[in-house]
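Shared chain: chain A. Partners: chain B in the first complex, chain C in the second.
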Partner chain A sequence: MLKLADVLDINDYISYPTDSTGGDVLKEIEKSGFRSTTPIMASSSADEPSIPIRELYPLASEIKPELSTALHLLEEGIEDINISIKMLMENDLISSDDAIQRFQALLPELFCCRNLGDGFGAIVNAIFHSLKNLNGIPASLEQLKVIQKITNRILTEPFISFEEAVDEIILFDTVELISESDHFKYVADLLIE
Partner chain B sequence: MNKAIVDTTILTDVLLNSGEARSNANNALKQYSQTLLPVYAIKEFKSGPLKNFVWMHNKFALLGSYEKALDALQRMSRTPKRYTTSTAIQALKEAAGSIAKVTAGNLVDKYGEGATYDRIQCDELRLQIKIAIIKAWKKRRKVTTDIVCPLTCYKEIAPFEQRGLIELGLSECDKSNKCAMATLLMTKPDDLRLMRDAIVQSDKPENKRRAKILRQLYRTPKVPIENKDCRKLGDAIFVFIAPDDAVILTTNAVDHIPLAKAIGKQVVTPSEFIH
Partner chain C sequence: MSTSLDIAQLKLTSATVELRYDKAYIIWDRAGFFWSEISLNWPDSKINQVEPNISRFIINDRFDLMLSLDRSHIIDLKPTSSLKEFTEYASIFLNLVMESLNISKLTRIGFRLVYNKYFPDKNRAADTLVSTKMMVVPQGKIFNIQGKVVQPKYSLTWEGESTAAKVTLFTREKKIEITVPPGVEDVHSINITKYELIYDIDYYTISPVSRGQFNVKDWIEQAYQLIKRDSKFFMDLGNA
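Coming up: the complex of A and B.
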């Protein structure tokens, strides 16, 4: 028998479908200020979007040429990151690092597509400096996974808001990736009295 | 003693600084099981260092040129430590690690002006500053284990973007409310007097201004203090509100020590934890 003042947690009364194999699990879309009950199917690999990204932006090249270039470069980059992760898990450090170097080489051109938005530009810039600040030391698996996640995010949401981009970049701190350029410290020094 | 009250210098080093200063501040915080951040530090942080970062961001955004923005920064930084300033400006001009340094020149044909060296460097640093501002605001209440001394007269309004520029919104206290900090300070007039006496002979203009406000608080408590007076109190506030069993953690020991000694409190700097 419940007393009048008891607080009920609705989660205690809802059963979520689970799949112990880690395969297709029904998920809810959750975003700040928006909550949908429409289930979406996660792809077999959590890192790959289920719908080819080009289908989401079929007129990209006509409407915004930078979008088309960015999507093309990001697809190529994600392939490199996936290879890097796979090679690292197979203990092939050279191949892993080589793949991430190829991804790194795409970033300056990706940064030229920054008029897609400050969120996009901030993420590309943060990835570039995070990798550069490793000073040639190969990225760890955790670091690669964070980079993979954030790169996937801008592939599926190239117009990501700045606030959301910052939330993603904050995750870099958790895996000891430094996303500021080396010269940022000088400007910080001058601005902090 | 395993409790520390954190001042604005530490908050700033954790939130906006980089490299050694940030890691030293973080390391110092880890030495204490309980760390306290007064809301006053957030207020000071917003109207001081965060405001400077916003200025720099907006300068980059408006000028759209790295070189021109650096000139503006150099003009604003003509402080007594000019040598440090010129060294820093030189390093910024070189910006050896910039993404622009590895951007192929032929990309200008494809992407236009946005791919020029100057424009890339401008946006690169502008975005880093913008990240620092937004990130700092998001994390401001997560630096310490506790937030103390809420200010009923002060609203923490988040920075926002308008016409491509960052706006800080209102940074001052609500004048319709009585100054919460003054009300608290006036509960211990003897401490105010001791702190005032400790700095009244100082040559530093900021200490002279602080001494004057401290005197006003215990001599004429009914006279309301202005927002600018509240800001002038600065270091005296951290010393005053530090619990007896807590140290005052700051990088600005020089200004805190005389005030702290006067009322039997202890000051610690992050450098004391560097081995």
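Coming up: the complex of A and C.
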């Protein structure tokens, strides 16, 4: 039978967020069928860019010098990688190799910033050995692009977890970059024996 | 008596860090595991509230931990000025939140500090806030009242592209009344009125933050340093 009228308890439709931070308590109508006149905190979409790392840690140079150093070196390194890619696309192999060698020279100092996290250290270590294991052969375009991608990742996410870092490092295999120290194969041989 | 205001004169009464994220439905599977881990870390933790979408524990009558579907927080109700213990607890708690709920992106991180200062009467509390010159207070007879400011409140949100801060300064009268029923011996009723000035600052992010960007300890330290450094701009406009 059709009901002529429903009595609605408006309190069922209103939530009062605890707002431990976020200012005064706002009424937010969450259930469908009602529209709120109060502002509802905008939620982010997946496409929305993340906050720039320097804005998240504006006092890095004073409070966290290794973060400041790492960001500076990474920015410099990415510039070298970009030049290397550009030169390779213009078939200037020597200039491309020069640029990547400049980037390679930054890696030991970047490794000194590994206190930022295990993920950061693992990625810097992997890039270092990948380039070293090329044994003087210039990196291919695909290899440079993978190095560019992973370097950009630690520039935007220096506190990347070790598990996520490993997921990134695995991509090195797809472009035939060997990310482990050359000595590891002897250790592996010893362990097998 | 000087009526100037300085953050060094104020007492830190609570410190909070809150994370917000997209609805993490996995909370319905992981809440038990989560609080077991918390209990292992802090055996003194006690249940305060448990519902499907929200659970809350308290540790040593000092730390309030809350885990919910779309936000979590830790509040230190007895913070030290170094925030050392708060930072340690927050780091363990919030990293466990992000790990347990598989959070890869935070929609908002908030850091809120509340300071106070007691005054012998409400006029002196109000005068101190008015003396910051953050507000223009009219003089003379208004609304046919020859009055004075008794409960001033100043609030603004200072917003940039990716971070913002909401600053509130106000005075209030705080009453504590505990009435002991007749017949209860050795316990006395309490009836206290206190006058205090509150400095409440909420520093937060507007843009989303990836988990790989967020280091709890470093972020708290930097936010705290910024608040201590720049609070003078809201406390003594005449001299800032």
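Everything that follows uses one rule, which is that the second predicted complex is superposed on the first by the 137 of 193 C-alpha atoms of A that agree within 3 Å, B and C clash if a C-alpha of one lies under 4 Å from a C-alpha of the other, contacts with A are read in each partner's own complex, and residues count from 1 in each chain.
Definition applied: a contact is a pair of C-beta atoms (placed from the backbone, for glycine too) under 8 Å apart; a residue touches a chain by one contact, two chains touch by 3 or more.
From a predicted model like this one, the values you see are computed outputs, not experimental measurements.
*Asks:* Should A:L67 be classified as contacting the first partner (chain B), the second (chain C), both, or neither?
*Replies:* Second partner only.
*Asks:* Where does A:L56 make contact in the superposed view: on chain B (first), on chain C (second), on both, or on neither?
*Replies:* It touches chain C, and chain B stays clear.
*Asks:* State whether A:G136 touches chain B only (first), chain C only (second), both chains, or neither.
*Replies:* neither
*Asks:* Touch test for A:T156: chain B only (first), chain C only (second), both, or neither?
*Replies:* second
*Asks:* What part of chain A is in contact with chain B in the complex they form?
*Replies:* Checking each residue of chain A against chain B gives 66, 107-109, 111-115, 118, 121-122, 125-126, 128-129, 132, 162-163, 165-167, 169-170, 178-193.
*Asks:* Can you name the residues of chain A that touch chain C in the complex?
*Replies:* 17-18, 20-23, 41, 43-44, 46, 48-53, 55-60, 62-64, 67, 116-117, 119, 153, 156-161, 164
*Asks:* Going by the contact rule at the top, pick out the chain C residues touching chain A in the complex.
*Replies:* Touch residues, chain C against chain A: 16-18, 20, 22, 66, 71, 73, 75, 105, 107-108, 110-112, 157, 160-163, 166, 202, 204-215, 218-219, 221-222, 225-226.
*Asks:* Quick one: which bits of chain B touch chain A in the complex? Just the residue numbers, please.
*Replies:* Contacts found on chain B: 12-13, 16-19, 48-49, 52-53, 55-56, 73, 77, 79, 84-85, 88-89, 91-92, 94-100, 102-104, 107, 110-111, 114-115, 120, 123-125, 127-132, 134-135, 138-139, 161.
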